[in-house]
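Just so it is clear, A, B, C, D, E and F label the chains in written order, and each chain counts residues from 1 on its own.
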Amino acid sequence: DFMYALENDVKPAFGAAAEMLDNFLQRGIINWGAPVSHILEDGALYTEQVRTSETSSLISILLEGPPNSGKSALAAKIAKLSDFPFTKVCSPDDMVAFTESAKCLQMRKIFDDAYRSTLSCIVVDNIERLLDYGPIGPRYSNITLQALLVLLKKQPPKGRKLLVICTSSRRQVLEDMEVLSAFTSVLHVPNLSTPEQLLSVLEDSDVFTKQELHSISKRIKDYKVFVGIKKLLDLIDMARYTEPSHRVIKLLTKMEEEGCLEPKH
Amino acid sequence: DFMYALENDVKPAFGAAAEMLDNFLQRGIINWGAPVSHILEDGALYTEQVRTSETSSLISILLEGPPNSGKSALAAKIAKLSDFPFTKVCSPDDMVAFTESAKCLQMRKIFDDAYRSTLSCIVVDNIERLLDYGPIGPRYSNITLQALLVLLKKQPPKGRKLLVICTSSRRQVLEDMEVLSAFTSVLHVPNLSTPEQLLSVLEDSDVFTKQELHSISKRIKDYKVFVGIKKLLDLIDMARYTEPSHRVIKLLTKMEEEGCLEPKH
Amino acid sequence: DFMYALENDVKPAFGAAAEMLDNFLQRGIINWGAPVSHILEDGALYTEQVRTSETSSLISILLEGPPNSGKSALAAKIAKLSDFPFTKVCSPDDMVAFTESAKCLQMRKIFDDAYRSTLSCIVVDNIERLLDYGPIGPRYSNITLQALLVLLKKQPPKGRKLLVICTSSRRQVLEDMEVLSAFTSVLHVPNLSTPEQLLSVLEDSDVFTKQELHSISKRIKDYKVFVGIKKLLDLIDMARYTEPSHRVIKLLTKMEEEGCLEPKH
Amino acid sequence: DFMYALENDVKPAFGAAAEMLDNFLQRGIINWGAPVSHILEDGALYTEQVRTSETSSLISILLEGPPNSGKSALAAKIAKLSDFPFTKVCSPDDMVAFTESAKCLQMRKIFDDAYRSTLSCIVVDNIERLLDYGPIGPRYSNITLQALLVLLKKQPPKGRKLLVICTSSRRQVLEDMEVLSAFTSVLHVPNLSTPEQLLSVLEDSDVFTKQELHSISKRIKDYKVFVGIKKLLDLIDMARYTEPSHRVIKLLTKMEEEGCLEPKH
Amino acid sequence: DFMYALENDVKPAFGAAAEMLDNFLQRGIINWGAPVSHILEDGALYTEQVRTSETSSLISILLEGPPNSGKSALAAKIAKLSDFPFTKVCSPDDMVAFTESAKCLQMRKIFDDAYRSTLSCIVVDNIERLLDYGPIGPRYSNITLQALLVLLKKQPPKGRKLLVICTSSRRQVLEDMEVLSAFTSVLHVPNLSTPEQLLSVLEDSDVFTKQELHSISKRIKDYKVFVGIKKLLDLIDMARYTEPSHRVIKLLTKMEEEGCLEPKH
Amino acid sequence: DFMYALENDVKPAFGAAAEMLDNFLQRGIINWGAPVSHILEDGALYTEQVRTSETSSLISILLEGPPNSGKSALAAKIAKLSDFPFTKVCSPDDMVAFTESAKCLQMRKIFDDAYRSTLSCIVVDNIERLLDYGPIGPRYSNITLQALLVLLKKQPPKGRKLLVICTSSRRQVLEDMEVLSAFTSVLHVPNLSTPEQLLSVLEDSDVFTKQELHSISKRIKDYKVFVGIKKLLDLIDMARYTEPSHRVIKLLTKMEEEGCLEPKH
């Protein structure tokens, strides 16, 4: 009955993949630099290969990068652009308090459903959480790991094709678990790392005046930038609700405090 | 039926968040110095950001500090001041003898309920106990850790906003478990650390005469102070029931014994 | 049904706290020296504080000392003298073969019952056994540890007051488990350690003649004494059933054999 | 009911061994060099021995080699060529999310069914997954290991004969688990390792023109080759969907990137 | 129903303590030297103390010594000689395949039954097996250990008296588990260690002629003897079924082979 | 119902011990040298001692040796020759996929059945598998180990006699688990180790002509031989199906490959 209650609670969510993808994309995709375009292009290529190839019926890719770098949003974008008839999201967000075996069964169900469609795309978000990875020990759910290792390599039945897009911020852990080699391809999602990239997002935000942007540009030109797009959007949001006169200084101070900006020496 | 019995026993408590917040605030909030004001101000800021922002639908903060420093009371105060339509406390006090999976489900339920309200505040008290952290081993409930890691980052459904306030006296443990980086912000709740701060609480208590306060002030001026507000209030209470003539000496002796007062060299 | 059977078997015992306290006090309390008086006085003080204070609604003390030093008897004595309307004993003796979760639930039940009375006293005997501490590993019941850690700090509901008296012969283990800091106060229960203390118990026993006591006194004056009151009473009892002519020699030999008496160099 | 549901879902698959073997052979067997012929010949020899011998009623062989080297396809080929009346595949693909005991029971069932036929062949694919081998720990299912160790040596009932063909890419792990010595014979399935072998597969593919093949041949003659047949076929497939003018360069670049081609010094 | 079946199977055995004691004594007690008399005397003393003392209501002794030294037989002998109205044997022999919790419950039941009689004796045989001690790990049943630790110190209800006699061949393990200090007294049961002790058993056996005994005596006078009484009686038994002419030589050879006899240098 | 299904499936096997013994003896016992005769003689001696002795009601022997050395066949032979009214085989072959507790119960049942007959013989085959020994960890079933340790020393009821014959190829593991000392006697089953022993088996096989045997004899006279009888019979079988002209060379090559034959320097 626990499982029953949870499933009934959750079902609507699972039924509405489009909604879940949109949830990942709440703040859109800002094209802040080359890495963004490259990932989207590669995503399109693999999508095309799955769609047209007669022999590659399964392609699985991993988007890995630091926390807040935009992995989930990019995975959702690729999935959405594929416009495959069957799309599902397999996310730990929907499995809070599930036992490891319930998680496994859920994962299996999603894949089994996909095998019934001719052209499917599954987004498996945040693998380390799906695997219940706890760094002290370390601990992880071995049965979920095994399920993942099999599902990432299992050929769909004849005539069915499947694209799997996973995300993770723990590349090393996946390497240690020997999951990494199960992917067709691994794509790195970086943080923003240059003042130019940072400025392009600030411009996009419509929060700062031309002058303010100019002033920021001058101040940060000798700084190292290292910030994830999600974090950055949060900081801009905070600035938005700050009094105009303090806006710039508040943003830059906070960014330094959180280690997103560092003088070059 | 175990779960049934427990839930029925406990339900009234869960139903009455206001009462639980008051329980944490039994002895009020004495403004003994700058750290107290700062924490309350920051709390108000985050509360405001959740209330007004259109894009930040989730903010999670951690109040961390030594045992007895007043973390739970301050968390309750911030929650109370937010005056959000939905407020809940998630505390190990209400889950004694729960299995780890029952704890998880309880946590999940509280968050699921919050997602149904447009504006919610959840106080998650004493995280290390919620995670069943035992220092020998060490041991902890990995499934509860995973639930927490997900819930601290999971976006509420569209149009819903959530403020999560956690408390813990084991910052290092949370760091090792990689929970720390899941918070929007981490605020430190310190012990009282100067004679002035100590005196301001003694004055507030109405236990000592002006003269007594003066005498205390003179005696401790070359002492290092390190005491949590909860401990201090307990010691003052003990003094209250001591014969007037011994009151001062008893308080100071006991404070030295317990390591709350130390000569500067 | 296992739980059912056990509970029914056990219930009478749980119902009769007075009887259980008396069981711990079968051989009374002999005032063999200053440590005994001090512990009883401190106990009385804390009892009084709980009874009269308006703000301290929870006081928890630990009696710790070597095996056989009289911890359980002293805890029972303090509880009995408190004469609080609700008194309960939480002892591993009543939980043989309980699963760890049954132990937890039992503990929780005792505290829940106490919260219903305005003035309660709970004796938690032999914590290391309650926690299923096994030195090889080491092993312990983490869920019971968590329950204890919470219960020792959880405020009773408004208007209710609670005194908790625990006993343990494994101070270091409790320190390692971070239980020690959860107590309001920790009192040490020592073994008898001087010839005078030893003689005062022998006199009290009515087993030896004046002359015999004198002879013992002379023989042991250059000896180090280290014996728990429980062990000592057992040895006296053995002497009681020994032929009068051998009594003294038998007692002293046995004490040396068991390491309770040692020549000073 | 979990088991029930899974079994009903899965049964058709288990009923159709021929289909499963074909699934492993989707892209046929290309005879790219001596190792391929040798393995198929040895397979035929063992098949013949099981069929005709009066005293060897059980032969078990292991095909081990690097990931993607073609182990599963070769195992399927040998099984298919045996044309034994009873053929079954025991594969982790069909046991996703099974508990370890469910896996064991499934394995047992497959062998029990085989014992009922006079001449049987069982393909046990991907042993490390069947054993739930997780490299962090390491972890594995001991009960499945025990079942495998017994089944690989258990004589079929009188008059019944059995050929078991296993595959694995973790020879060392099997050695450590002492499974290796349970096989009648262990055959190594290598990666392609010479330019000639590589070219023979490229020719077979009909993707490249004579000229292109010639150009490739010249470019790679001083390169070390190390690529599994499965990987190679995937790369050729990718080339197939590349614009003709870029085909060769794309193939070779990608092969270098993935470490399949390396200059000799 | 498993427990049910086992209990019904086993019940007759549990009902007939006398029979079980006799089982331990099948070959009687041969008084082969001082250690035997001393143990029996000490046993009688403790028995008497339990019977007559008004204050010692619980005495627990441990017979520990090498395998085959006769521990179980001596424990049974002391229990039988006590002639207490209630006598029970708690032995791993009756708990084969019991879960650890079933073992615990069985132990608890035996003690609970004893508490109902005014004067009881319980033999707890082979403690290391009862605790499921496995040297690799090491492993043991912590819940059984906890039950034992409590039961060995738990006072019987007022007016009831209890003598507990335990046996073990793993003194060091019990020391490590901190069980040793729970006993009132620990008695060592040694192997036979002198030619004289050995000869006294051979004489008692009626297998050898005077002359043979004389010849053995001469041969072994410069040998070190180290053999348990149980082993020795087995070897004598083997000699009994050997042809008379080889008897002596066979016995001595076998004893040397098994390490029971060793030349002094 | 799992247990039920398994038991019903298995029962016929358990009912037919004679058949199981014959299964172990499919290729008979070839007397290839002194070790074979010695083991059979010792087996006969112990059988006789159990049958006739009045005091030895339990004898347990272990046949230990390298894999394929013929342990199970020799155990079966001794059991068959005993011709005891009750004979049973306890083998991991019949317990594939059993839980550890099911294994234990099965073992217990077999012994309980034996205790009901006056004269019984139990063959416990392949102890390391029965104990679920996995070398990584290492892991083993402690509850099965405990059951075995007890059953190997538990006296049958009065008037019943029992011979237990165990086999194992992991002597060191059993030593580490302290099982070894529980046996009355441990007999070593060696591999063939001289050219003469090897030739005697080849002759017995009727596969080779006199001349071929002569040629083999000459070739291997300076070789070290180390091969188990089971392996050797398999190799001879392979030779049987080889073309006559290659037979000798094939046998010798294969033996060298598998490490069964090695030049002396």
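The rule we apply is simple: contacts are C-beta pairs under 8 Å (C-beta built on N, C-alpha and C of every residue); 3 or more make two chains touch, one makes a residue touch a chain.
These numbers were taken from a predicted model, which means no experiment stands behind them.
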Shared interface partners, meaning chains that touch subunit C and subunit F: E
In the touch network of chains, how many steps separate subunit D from subunit F on the shortest route? 1
Among the chains here, which has the CA centroid at the largest distance from subunit D's centroid? C
Sort the other chains by how far their Cα centres are from that of subunit E and give me the top one. A
For subunit C and subunit D, let me know how many angstrom lie between their CA-based centres, rounded off. 67
If you average the Cα atoms of subunit A and of subunit F to get two centres, how far apart are those centres in Å? 58
As a quick test, compute the distance in whole Å between the mean CA positions of subunit E and subunit F. 33
Please set out, as single numbers or ranges, the residues of subunit B touching at least two other chains. none
Given which chains touch which, is the overall layout a line, a ring, a star, complete, or other? ring
Reading around the ring from subunit B and passing subunit C first, what chain order results? B, C, E, F, D, A
Residue ranges of subunit A in contact with subunit D within the complex: 48-49, 52-53, 55-56, 101, 104-105, 107-108, 111-112, 138, 140, 142-143, 145-147, 149-151, 154-155, 157-158, 176-178, 181, 184
For subunit C, which residues count as touching subunit E in their complex? 2, 9, 23, 26-27, 67, 92-93, 96-97, 99-100, 129, 132, 134-137, 139, 233-234, 237-238, 240-241
